[in-house]
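One chain, subunit A, links the two complexes that follow: it is found with subunit B in the first and with subunit C in the second.
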Partner chain A sequence: MRDDLKVGVFLCECGGNISDIVDLDKVREELDVEFIGQFENLCSLNGRKIIRDAIFDHDLDRVVVAACSPISHEKTFQDYVKPLNPYLMDMANIREQCSWVHSDSERATRKAITLINASIEKVKQSDAVDPIYCQTPDEVAIIGGGIAGMNAALSLAKQGTKVTLIEQSPSIGGHMAKIGKVFSPVKIAEECGMCLLNPILNELVWNENIEVLTNTKVIEAERRAGTYNLILEKSPRYIDTEKCIACGKCAEACEVEVPNDWNDNLSMRKAIYRPFGQSYPEAYVIDMDNCSKCSNCVKACSMKAIRLRGKSERIPLQVGSIIVATGHKLFDMEKRPEYGYARYDDVITQSELGRITGVNGPTKGKLLKSNGEVPKRVVMIQCVGSRDEKPDGHKYCSKICCTVALKNANIIKHKYPDTDVLICYTDVRTPGMFEKYYKHTQENEVRFLRGRPGEVVKKGDNYIVRTEDTLKGEFVEIEADMVVLSTAMEPSEGTEEIAEILNIGTTEDGFIKESHPKIKPVATDVQGIFVCGTAHEPKDITDSIMQATAAAAKVNEYNYGGVEIEPFIAEIDNDRCNLCGECIERCKYKSMSIQNDEIYIDPMSCTGCGKCLVGCKQRAITVNGNIDEKIMATIKGALSKKRDGERMILVFLDNIGYTAADNIGVNRLSYPESIHIIKVISVNRVRPRHIKYALENGADGVFIGEFPGDLMYDEVERKIQRAKNRLQELGENPERITFSKVYIPYFSGLARKFNEFDAKIAELDDET
Partner chain B sequence: MKYVPDKDILLFRSCLVSVEYPGVEASTKFVFDKLGVDYAISEKQTCCTGLGHYSDVFNQIDTSAIGARNFRIARDIGRPNLVMMCATCYAINKKSVKLLNRKDELRNHINELFDENGLSHLKYEKDDLKPSENIFHVVDILYAKRDEIGKHIKYDLSDYTIATHHGCHYCKVHYEDTIGGVRDPNVMDELIKECGCTTIGWYDHKRATCGTGFRQRYSNPDLSFTATADKMNAIADEDVDILVHLCPNCHIQFDRYQYLISEREGRSFRAIHLNIAQFIALAMGGDLDKVIGAKAHTVPIDSVVKDLKEVKK
Partner chain C sequence: MSIQQKINDSPIEFAVQIINDVKNSKDEGVLKCVQCGMCTSTCPAARHSDYNPREIIERVLDGDLSIIEDDSLWDCFYCYTCHSVCPAGNSVCEVNQILKQIAVYKGIGYDKLYEYLGFADSYFTAAIGAIPEIFFTDIDRDVPGWWDFRQHLDEIRSELELDPPLMPPKDVIEEVSKILTITGFKDKIERIRSAEEESK
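Let's turn to the complex of A and B:
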């Protein structure tokens, strides 16, 4: 009966993204369905009309949309197939998993046909089900207390949302607190950064909806039922912030001096210290790695605020959504030994120059060399680590360094008009209003030379900067007594760590990846997690604040709108259920409980993995959506298009693995055409009979990927091992089945595994 | 660290080593023997074409075809690991393997040429060799065995001021396989440390070219020798006694032309030039004539290295 269903297939050209590689004419010839339509951009509003008209005109029962990934546009097309039930539509991913990963048109076309046919067979097994809406907790965790995190926190708090702002250092404020002056493109003037930051800081401190946790890191995260359960680790401050009045007597008494990291190690501080004048919490902190435990500070403290004994504390935190604002760090100058940063005292970074020219810096704002004299000629080198294709370099432009150099050059020129400033640039990138500032800088007699210096050496008392003047085509040696390097912005260690802990996607450069660079610039791959500031990519303060407030708006959208959940979850037949509790025991997601003498299944935490089905002696549980049959039909649909000599590998991935696989396409890496990815609700739903059928009916290999953070991981791994054992008993090579870990950030690793498995299978095929 | 073999090695002979500084080959063999490296040479092997290639005499097809022939010879004697004494041979052969594996058209074309000329036995199949797993420089092998160098050291050379000159074609062509840093190359500094000596480390122009530039030395001598002079001056500023090399091209440029540049610069230069294998062989007690091949050097080795003093054990 299901075979009689009328299926309509809609092919999307995706403005050439698909049709340039996949021959859609050929695809149309090969498919046997009631209706086939093709459109340039099916996701546009015109697409809705085309799909709806076809459903009416041809009386379609089921729809397959062959286009991009369901992760991009499943919601769109579920909406476009109205009046059909949204779950009677299936998407064949012929973009991220076909046209973007394959270059051979003929083979990509054949794979597209296979993928579409698998979808056709699958959708015939689909039943109408209704989505479930759920509400998540309103509380928000913001990770990172720099300018982005602070603004996101304030925006949410002012809209009535409870926020926990988590900062790993002893004070909030981030890089902006350090940079001295910021520059305004409208006023063409430099302004005091701290004076702009302070009001924000004050407002934040006084807002009752915000709790600030400093010295604190997220160390674990788990998502259950739409709630993130975070475990935070708060390192001891050794000072009671309630009692400390920041009088500074303790620091006077302290005998240990260490380089002051807040001043980029250009000055010294004590082992008990306050990070900077306006730091918050308004209290001192002990750097226990350097403390000699002499207790002088304890004696000096009249408030009795010092606790030399302290242990780190673990704090659980439950939130509904998270904003990642973990920021950036600067390029490691050890990777550019030719500039002599480590060898020469007066070769410094722009960040250090910012400290030197800052009134709260090591020289109280005076531009001085290490010998205490004012430099006569400062040479700035742009693009250090940025726009650099050599080893350890970053191919991207760090975006802010041109304006930072202009700003610092102007600051020098204002105070020391006799000091010559020369900027060696690759291109000066000052879009929009910043161009006026560039002109202003030129009028200020800052000089510019186009060329990327090769090296900086010391001859006598002076430095020699060697470069080619690429406009004149001449080799030049520039004398200087101070060299300033404009270092690249790269993801902070915190950014890398949090991506791993939260399992959110990153770009090839390690920044947090937005779920779509154009239309979803603050969402991440994971529902309920948003990103802002330089954790996302290099940007300036203005852009960071804009993105922070956008992220806050997105959190509120999420909080008010609720979350739509796929309805493929377990359901209890209460007439059959005898409340034995076996399912509660078995469920790894703890989604089952007894409420009012009935089994209650929390729709937010049930993943539809089907583990409970096995244990229910009463056969009282079903999982909605005909999943077993759909998986089998997908396999059959894929294998029925297999040609002689073609290698066919079926890959089963759940939402996490599938997102990683999409990222391979988004980053335009490649893998063999033999790889056919089947998206399943839970990898646990792939049963031995599915694998057995696949291998007996044409599949050359089966690849199963699972995220190790999934609670079913161990179970699935054991199951696959059993399937391999069984295969061996049947005299087949167990290596035709493989099980692999998948992570969203490590898409390149997944691509490599696909390539390796394909090569392995090719070897096995050659042997037989 | 990357995988580095110590057996099944074809020690790839270099034209410049054989003609100009045969002591480099003798020293390499001397040190390899001490370290228990399993190698052989083959009289069938030919030049890599390097000098001709970079002077536009041999195009890439000819170069890759000659590479394919040499790779076949290595495989036929069961020594698929090619180890080069010359940085140019190293870069040229690595590139040929990469091209032969990646470019189906080039490989097929070369295999057809072999067929047409009755040389079908030389055919190269995709992935016969792997660029990172089969193509090495002598320094790679020495570096992998560096822990064993110390116990064979006979003479203490630590009183000399030593600097290193890392060849461009080892450091700057196949970045992914370079051991010991690309921007601040240190592989030889590390090996010298194993001989109980310290180098001066970084110096001005440490990363710069020797100036040879293949045909540049002849067609643009002014440019070529300006680069050499920059480096010579920097080394003289540091009062260097021994400049250690890993490429015979650089070795020639400095050793053969030191007097010429001295005249040009009006400054006398005194550093002697040793290949890293010669340096280690010298420290291990290799004979100055029979192993180090001192007589082939223009700047006399004994102008600097006098009275070798034995290491106190």
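Let's turn to the complex of A and C:
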């Protein structure tokens, strides 16, 4: 029987911090336990000896340490109670939440007794449980072979981690391979992008820890204790990459010509082709959608590398972590017909301008209009599809378009000083060092007009850009013979698909959402999956590389450290479970799934919040560690010592709220002695029956606090409202329950709320 | 000219008044304006007159109440292009209507409204809005063939096998007139009419 358990209580004086206010002699008189110890500094090594000796000498089953906050020293005392299981010890916080917030010795002593008694009752309900250690497999899948994915792969590989780099197109390289020139704000000069990319590409190709799979997509994913089982689909290339020497004879022989998508369809390529000069694998590929099966290529190939009958292949891949680097695509100009992109040949995008000015592009680097002439005036229109609340537009700023426009304007000015370049902008966003490049662009005689053009129309041989010069307040019509649109960056189709397959959260704009925008910028809401590059949000090459290497570092934290998890997580009774899937739907942490015809709970993501419990009609789920019983016992323990006329308010807080409450003590603010704080692993675990029991058995009020950033916040708020409604139905005053937001730094606000709630309850007590 | 902003000045109150107007459907749109000028670049009135929709919002955000008395306000003819192109989700067209309403409450713009009273009159005579006869010559000038088309509307309709135009029955016309009278619409237009006719 749990009542027969031998409990030892250890009182810490904390060098007077506690004993100056709390009368520990009085406390000892009031407690009814097997053993009571006391020491001036229990957390010292001498304290360990006192605790350990008492456990042996008195054969203690459970231990309560009445001292400081568990936030400060729980780990210490879990260690000091060895050989007892660490979870058979509980701390009563009589410092931060008693001696530091109360000044009346007698009442503080009463409260300390109540808190210790609550701990005694709670610890009797504790069971010996072990922390769960998870070691994930070392292998990593990186999805997307652009500049972000490539850098993440290289960083991990150089640290000794095996990486599979998965790219759906026939070559790695991504957008960077085709943008032509890049610039750095410090150099104030444009340089060859391919020359920067190629060494990275070569290094990656030669690294033995990296396997590159092109023409390959992830089509299925399943997660089990930090291990991901992926199914990849590798589409046929129709060319044996081992044999192909990329001589190009096949393409010469090919009779089919189609627009070259790598050149933004500004030139033609054959149906058998190499994506670009430095593409990897160094081999040709057949675009089977356009192939006429004439087999000219087969005849032309002296290496006998062509396999017209290729089939797609499914490849299983088991990894411990995944980095999503699936990138972006550009805004579809069909959605903004007012700029005439589809109607007019010389209305182009910045991406197309990049191809046109690229030496490996359709005009070999010459800036030419569709009629072969050099344009006299190029007008650039910024924010096309960005900062745009119209249908299909994006509310966000795409971040790179200002600097891309400046770069391309400079490239034009260097080679064609007689061509007038005018940038129509709403704001020029060149933060940090980029501002210097903006100034450099102005010095290059590039002109700027502040206004967002409404339309582009054709007039004679030229175009008319209609806009307001907002600085002059005048409507202007600008004649131009080339118009360049700075199109928004948006999530690629691959990004949208992979979010669905891996079940990772996305933002309202469809980008992969980081688990916290400030402090966890590369983690996603699924454990073990990280994000980098433009799959996450619009960013430039530098930022993509930084995030890629950060993601690599995060993966290695897993690989080298393993993960230790508190054992208070959900467990399934498979005999009862009928696989209805309700728990999977309910879980906000995405920790549940069906695997091998059983519900599987991922220990790495389950928080033990218990939301699944309520939805399970079969009652097949339990959360380890007797959480419900412990909360109930704590309430009983606290209320059992209540005296007549004493006001008793129970406050339920999770780790964040509890830390805020501790901060009230640390900062020596005060609140009434009626406030008794109970720490729970998730506020959601406080159930209506707990609240009901508390109010029926002596609690005058119940205060529930939750951090609004918690995924369960809305849920808890609704639940408390229901509890209040229920209370009203029972003829009680619903104001005896209150729900409040809590924030760690806003401890003074929490103290004020405690004071207000206490006053409110006092008023209600006076009325009755 | 320099503008001084005193510590107790609150220019934003004007924008807040616009936002709270029952006619405003764009929530906080006015406050989100970044003065990009896209409205002005597509505005037909801006191309042919001094009307500048971007400047309307600029002056509202400045708390410049003198805009109420600005003649150019009346050059907008509600094509709603600014409304549909605004990247910030604002509607200058609605703001314009709110500003005109404020003007009318202050007795401003009666001369502009006077020309349109024929529209209002037709609600009493036909329960629908009809183009006042005084505009016929202008329309026929701007839209060649319009007068001919209008003269032969019934024949064109029957040729297209369309029913004759549906005119509201007498009791409906009476009911609409009653509503317009009770709600004060009638008093309002009579006030405008008499004020204008007196001043002439």
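Throughout what follows, the second predicted complex is superposed on the first by the 437 of 768 C-alpha atoms of A that agree within 3 Å, B and C clash if a C-alpha of one lies under 4 Å from a C-alpha of the other, contacts with A are read in each partner's own complex, and residues count from 1 in each chain.
Methods note: contacts are C-beta pairs under 8 Å (C-beta built on N, C-alpha and C of every residue); 3 or more make two chains touch, one makes a residue touch a chain.
Since the structure is predicted, the reported quantities are computational estimates derived from the model, not experimental observations.
*Asks:* Is this a clash or a fit when subunit B and subunit C both end up on subunit A?
*Replies:* They clash: once the shared chain is superposed, the two partners overlap in space.
*Asks:* Looking at the overlay, does A:F475 come into contact with subunit B only (first), subunit C only (second), both, or neither?
*Replies:* A:F475: touches subunit C, not subunit B.
*Asks:* With the two structures laid over each other on chain A, which partner does A:K390 touch: subunit B (first), subunit C (second), both, or neither?
*Replies:* Touch partners of A:K390: subunit B and subunit C.
*Asks:* Would you sort A:K588 into first (subunit B), second (subunit C), both or neither based on which partner it touches?
*Replies:* The answer is neither, since A:K588 touches no partner chain.
*Asks:* With the two complexes superposed on chain A, say which partner A:R343 touches: subunit B (first), subunit C (second), both, or neither.
*Replies:* A:R343 contacts subunit B only, not subunit C.
*Asks:* Return the chain, subunit B or subunit C, that is in touch with more residues of subunit A.
*Replies:* Partner touching more subunit A residues in the overlay: C.
*Asks:* Given the touch rule stated above, what does A:K335 touch, subunit B (first), subunit C (second), both, or neither?
*Replies:* A:K335 sits against subunit B, while subunit C stays out of touch.
*Asks:* Regarding the shared-chain residue A:P453, is it in contact with subunit B (first), subunit C (second), both, or neither?
*Replies:* In the superposition, A:P453 touches subunit C alone.
*Asks:* Touch check for A:T467: first (subunit B), second (subunit C), both, or neither?
*Replies:* After superposition on chain A, A:T467 lies in contact with subunit C alone.
*Asks:* Superposing on chain A puts subunit B and subunit C in one frame; which of 131-139, 239-247 or 257-265 is the clashing stretch?
*Replies:* So the stretch of subunit B that bumps into subunit C is 257-265.
*Asks:* Residues of subunit A that sit at the subunit B interface in one complex and at the subunit C interface in the other, please.
*Replies:* After superposing on chain A, subunit A residues 338, 390, 455 contact both subunit B and subunit C.
*Asks:* Mind listing the subunit A positions that touch subunit B in their complex?
*Replies:* Of all residues in subunit A, those touching subunit B are 335-338, 343, 390-392, 455, 457.
*Asks:* Please output the residues of subunit B touching subunit A within their complex, sorted ascending.
*Replies:* By the definition above, subunit B touches subunit A via 175-176, 182-184, 202, 204, 207.
*Asks:* In the complex of these two chains, what residues of subunit A are touching subunit C?
*Replies:* Within the complex, subunit A touches subunit C at residues 338, 383, 387-390, 393, 426-427, 450-455, 466-470, 473, 475.
*Asks:* Looking at the complex, which residues from subunit C come into contact with subunit A?
*Replies:* It comes out as residues 34-43, 46-47, 52, 54-55, 84-89.
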